[in-house]
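Presented sequentially are two complexes of chain A, the first with chain B as partner and the second with chain C.
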Partner chain A sequence: MRQRTFARLVLVVTAVCILLPMAVLLVWSVTGRWPWPLLTPENYSLRTIRELFHGSASLPRLLLSSCMLASMVAVLGTFVGILTARSTELYNFRGRELARGCALLPMLIPGTVFAVGIQITLLRIGFADTAAGVVLVHLVVAVPYCIMIMADVTRAVGTAYEEEAMVLGAGPLRAFFSVTLPHLMPGVLSSLSMGFILSYSQYFTTLIVGGGRIKTLALVLIPYIQSGDRALSSVYSVAFVSSALLVFSVFEFLLRQTRLDSR
Partner chain B sequence: MQLIISGLKVELQKKPVLRDLNLTAEDGQFLSLLGPSGCGKSTLLKTIAGILPMQAGTLSLGGQDISQLPVHRRGTVIVFQDMRLFPNMSVEENVAFPLKMRGVDRRKRLASAAELLERVQLEAYGQRRVSELSGGQQQRVALIRALAAKPSLLLLDEPFTALDRNLREDMRAMVLKLHREFQMTTILVTHDQKEALAMADRVAVMFDGHIAQCGTPREVYGRPADRRTANYFGGCGYLPGNVVGGVFSSTAVSCPAAVPDGRYDLLVHSSALHFGESGLLSLRVAGIQFQGAETMVQLELPGGTYLMKPFSEAPGWSIGQRIFGSVDCTDPVFFPIGK
Partner chain C sequence: MLLLFPFILILTLVAASCCSVLAQSLGYIPAFGLTKVTLSYYVDAMTNPDFLRSLVVSLQIAGCSAVLSAILGTLVCAAFVRRSGNAALYLIRVPILVPHAVAAVFMITLFSQTGLLARIAYTFGWISDPCQFPQLLYTSGYGGAILAYLWKEIPFVAYFVLALMSGVSKTLGEAAENLGASPLQSFFRITLPLSMPAICKAFLIIFIFAFGSYELPMLLGVTYPKALPVQAYLAYTAPDLRSRPAAMAMYGMILLVSVLLSALFSAAVQRLSHRAGGAA
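Let's turn to the complex of A and B:
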């Protein structure tokens, strides 16, 4: 009983710590002027909302480019994650442990160092300042996480069902799609959401590799924060967090559906 | 279809598991593959099905070499001990799966699945998830799913191990019934001696990756090829003696022996022991176990070996008591001592 009360207390405190700053951001989003030490804004304004939808960095365009980039990274990262996980978890070969370690190497290198270094290579191969270059770099950041998620799930699912499907007449690809992939779906959805949010929140790598031409919500948000315009930076922050939460909610819903189907 | 395996060698993680294995199963035959855990029975089934690669040897099914064929084209289906029903499909979708892989349209394959479910009294369970079925029901679904694939060779890998005793007997009867109906070559892997003897047309006894003996249940049990096979079946002991001029002589036992002269152990099955005042063979009662329908008595033979003899009623002896009996030497089996 005491444990349950304590757990509830922790939950409430955590929720307050997350929701209270969000609430403040929401208020700032529609604030005209809010000088210290007033507890509420002096006046309200829709300037930031107009700027959000009709300004030079309009939300719909930013959301579209951010979501498309992040979706591509999520799908490609999960694809690489599935294949890498299959080879390292289901097959025994010389150098397997080395392969496992190498797959996680990008996590050891700081993003800023990596972005500056890779930009030189991208300039040489003509991928600098392009969406393809940004996707590639985001992919390198996201792939280790996708591999880790898929490795755990692949190990848990194993090859039993696939073997059974094959003895019942399914070719290897059909066996994978018919019986293995449905069991991997929780991991696939987790990998997709992780890949998406990692790419969605990339700032420095997008700035360096995209050369300012590839505009994402994260890229636009930081300068607004640095500019000191609290109202504008608040409204973009709210847009960023809300869109990310929406994507997470969709993945969470799909994850629950796959769990219900397999019960 | 006839299965012929010759010179089969399989290694797992560079360790030999199957060593120069030879085995034949005739068309429509029910063959039991019997042996202790770890002897390579399951490895053999998986190699036949193509799940595990082989290092040497040939596999022929219906006269065709299948060793290079991929798993899904061999026509061999395994029913595993853990059944491996697909949790993401309903019961009827599981049963219809092999038909789906053969390109049968949805209406026909679900109709076939329903017909198969009816054969095992599960027609009302088609729409359910496999997790909603009991162990015995899941086993029946796994069996008919295998049969839906119309295999040329059905491989059963200890399918009854996870079931309780009553259910196991029901499932054995069902497997035999389906075998008679579908008339397909079947190999059953088991470590249960009684199961192997009761179900099969032929029994292959396996130790350490090779076949020690293959024959009818009576041959394998009554005339085991070596001590290891005899000991594996249990229920037997040995009487040491000498063979001179074609006659075996031991304490109170003498019989013809078609073996060269020398020292031998006579294999004594519990069924060959008879008790009565006229018996000259002295035995000691070493243990008595009440097991419900029968009482098992452990007897010590001259020479120091033991055997277990079942009695439908307790014989009224006490532990340590000396009793006298005789051995039926109608079809004696001799093993040389020291080899």
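Let's turn to the complex of A and C:
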């Protein structure tokens, strides 16, 4: 009984710690003046919202470019994830363990070092300061997570259904696409959502490889924080978090749908 | 293996990038007319007290963030294991999708000397002036950056470990309880040790990330001592191109320390789990 109370206490504290700063952020994002030592703002203002839509960094354009980059990364990352997980989980070959170990490797190379290094490589092949270069560097960040997610479902689904389909006369491609892939869907959706979020929140890699020409929401957020304007940095943060949450919730919804369907 | 091809391509890119950094850090930059390979940039860095200070600061940030996140994250995970409603599961994933920069905004609005906590302390009469509130942000201890990492990484650890721990707890943990172990005994002697692989992996990921990342120490840090990635970026963007190899030597050090620590840590974990397996 004591353990249960303790567990509940931990959950409540966790929830408060997660939600309280977000609530304060919401208040700050529409604050006009909030002088020390008041507990609530002195007045509210829509200056921040106006700046968000009509300022130098207008929201719709930023959302569009961030989402396009992130979708590309999500799709490519998941594609690589499906292929890699399939080969390391379902096939036996020499170096299989090595390949599995390497899947996590990019996570252990600090992003700052990698970003600077890839910029040198990209300059050489002419991809520097382009969207393609940014997608590539985000992809490296996202791929280990995509592989990890896909490896779990691939292992769980196995090859049994596929073999059955092939025994019944389906070609290997058809067996994969119409039998195995639907079973992998929960993993595919989680991997897409993870890839999207990871790319969406990249700052340093975009800064270095995009050379300032590729603008994303995460990139313009930083100068506002540096300027010390709490209201403006809050409104951009709210825009960021709510758009990310929206995408995340859509994927969660789809995930629940596929689970219901398969029941 | 044809299926592995795209992944191998990506790995090659990572390897090539690391090699470019290392080559430039050894003073090999043909584009600038530098072709003499030398270790002198590393020697310069290692004998520079500012660099050593930065290295120590970065190790401190990474160490504190990773140790505290791993411990508290495991605690949260344990609380989640047997009663994870959908809403709770949704909630702990929220910090994973909030970027570090926004976590920095949280720390500024809550913990700065004019932040919400200081205002609450004033309302209760505990302090009468903002500067009496303990300074957490913008100090050489990098408390603000560590707090921001904790906000993001404790839920990350909890989520990362959850799958393994709930599996273990629902099978072996409950079996132990049926055999007469108390819930605490079954947690500390069965569930926790068997969840260690995931906890260690999460620890390593966080350590390496916090050691090498730029945003938080830049946003919540001080001008001296700077965290290593901040120092390296300053040198990298310096208008004087002659400082380029020195910047690369700093990035090289970040890389080498990360790789070395990962290897040591993995080896230690492997040895320990071997020993645990042998004893069982």
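Please note the rule applied: the second predicted complex is superposed on the first by the 251 of 263 C-alpha atoms of A that agree within 3 Å, B and C clash if a C-alpha of one lies under 4 Å from a C-alpha of the other, contacts with A are read in each partner's own complex, and residues count from 1 in each chain.
Quick note on the criterion: a contact is a pair of C-beta atoms (placed from the backbone, for glycine too) under 8 Å apart; a residue touches a chain by one contact, two chains touch by 3 or more.
Quick caveat, the model's predicted, so the values are computed rather than measured.
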| item | value |
| --- | --- |
| Which of chain B and chain C A:Asn92 touches, first, second, both or neither | first |
| First (chain B), second (chain C), both or neither touched by A:Pro182 | first |
| Partner chain in contact with A:Glu252 - chain B first, chain C second, else both or neither | second |
| First (chain B), second (chain C), both or neither touched by A:Val167 | first |
| Which of chain B and chain C A:Tyr145 touches, first, second, both or neither | neither |
| Contact breadth on chain A, by residue count: chain C or chain B | C |
| First (chain B), second (chain C), both or neither touched by A:Leu38 | second |
| Chain A positions touched by chain B in one structure and by chain C in the second | none |
| Chain C residues within the chain A interface of the complex | 1, 3-7, 10-11, 13-14, 16-21, 24, 75-76, 78-80, 82-83, 88, 90-102, 104-106, 108-110, 114, 116, 118-120, 122-123, 130, 151, 154-155, 158, 163, 183-184, 201, 204-205, 208-209, 211-215, 219, 229, 232-233, 236, 248, 251-252, 254-255, 258-259, 262 |
| In the complex with chain B, residue positions of chain A that touch it | 92, 160-161, 163-172, 174-175, 178-179, 182-183, 261-263 |
| Complex interface listing, chain A residues touching chain C | 3, 6-8, 10-11, 14-15, 17-22, 24-25, 28, 36-39, 79-80, 83-84, 86-88, 91, 93, 99, 102-114, 116-118, 120-121, 136, 139-140, 143, 147, 152, 197, 200-201, 203-204, 218, 221-222, 225-226, 230, 233-234, 237, 240-241, 244-245, 248, 252 |
| Parts of chain B lying in touch with chain A, wherever the complex brings them together | 13, 49, 51, 70-72, 76-78, 80, 82, 84, 86-88, 97-98, 101-102, 129, 131, 145-146, 149 |
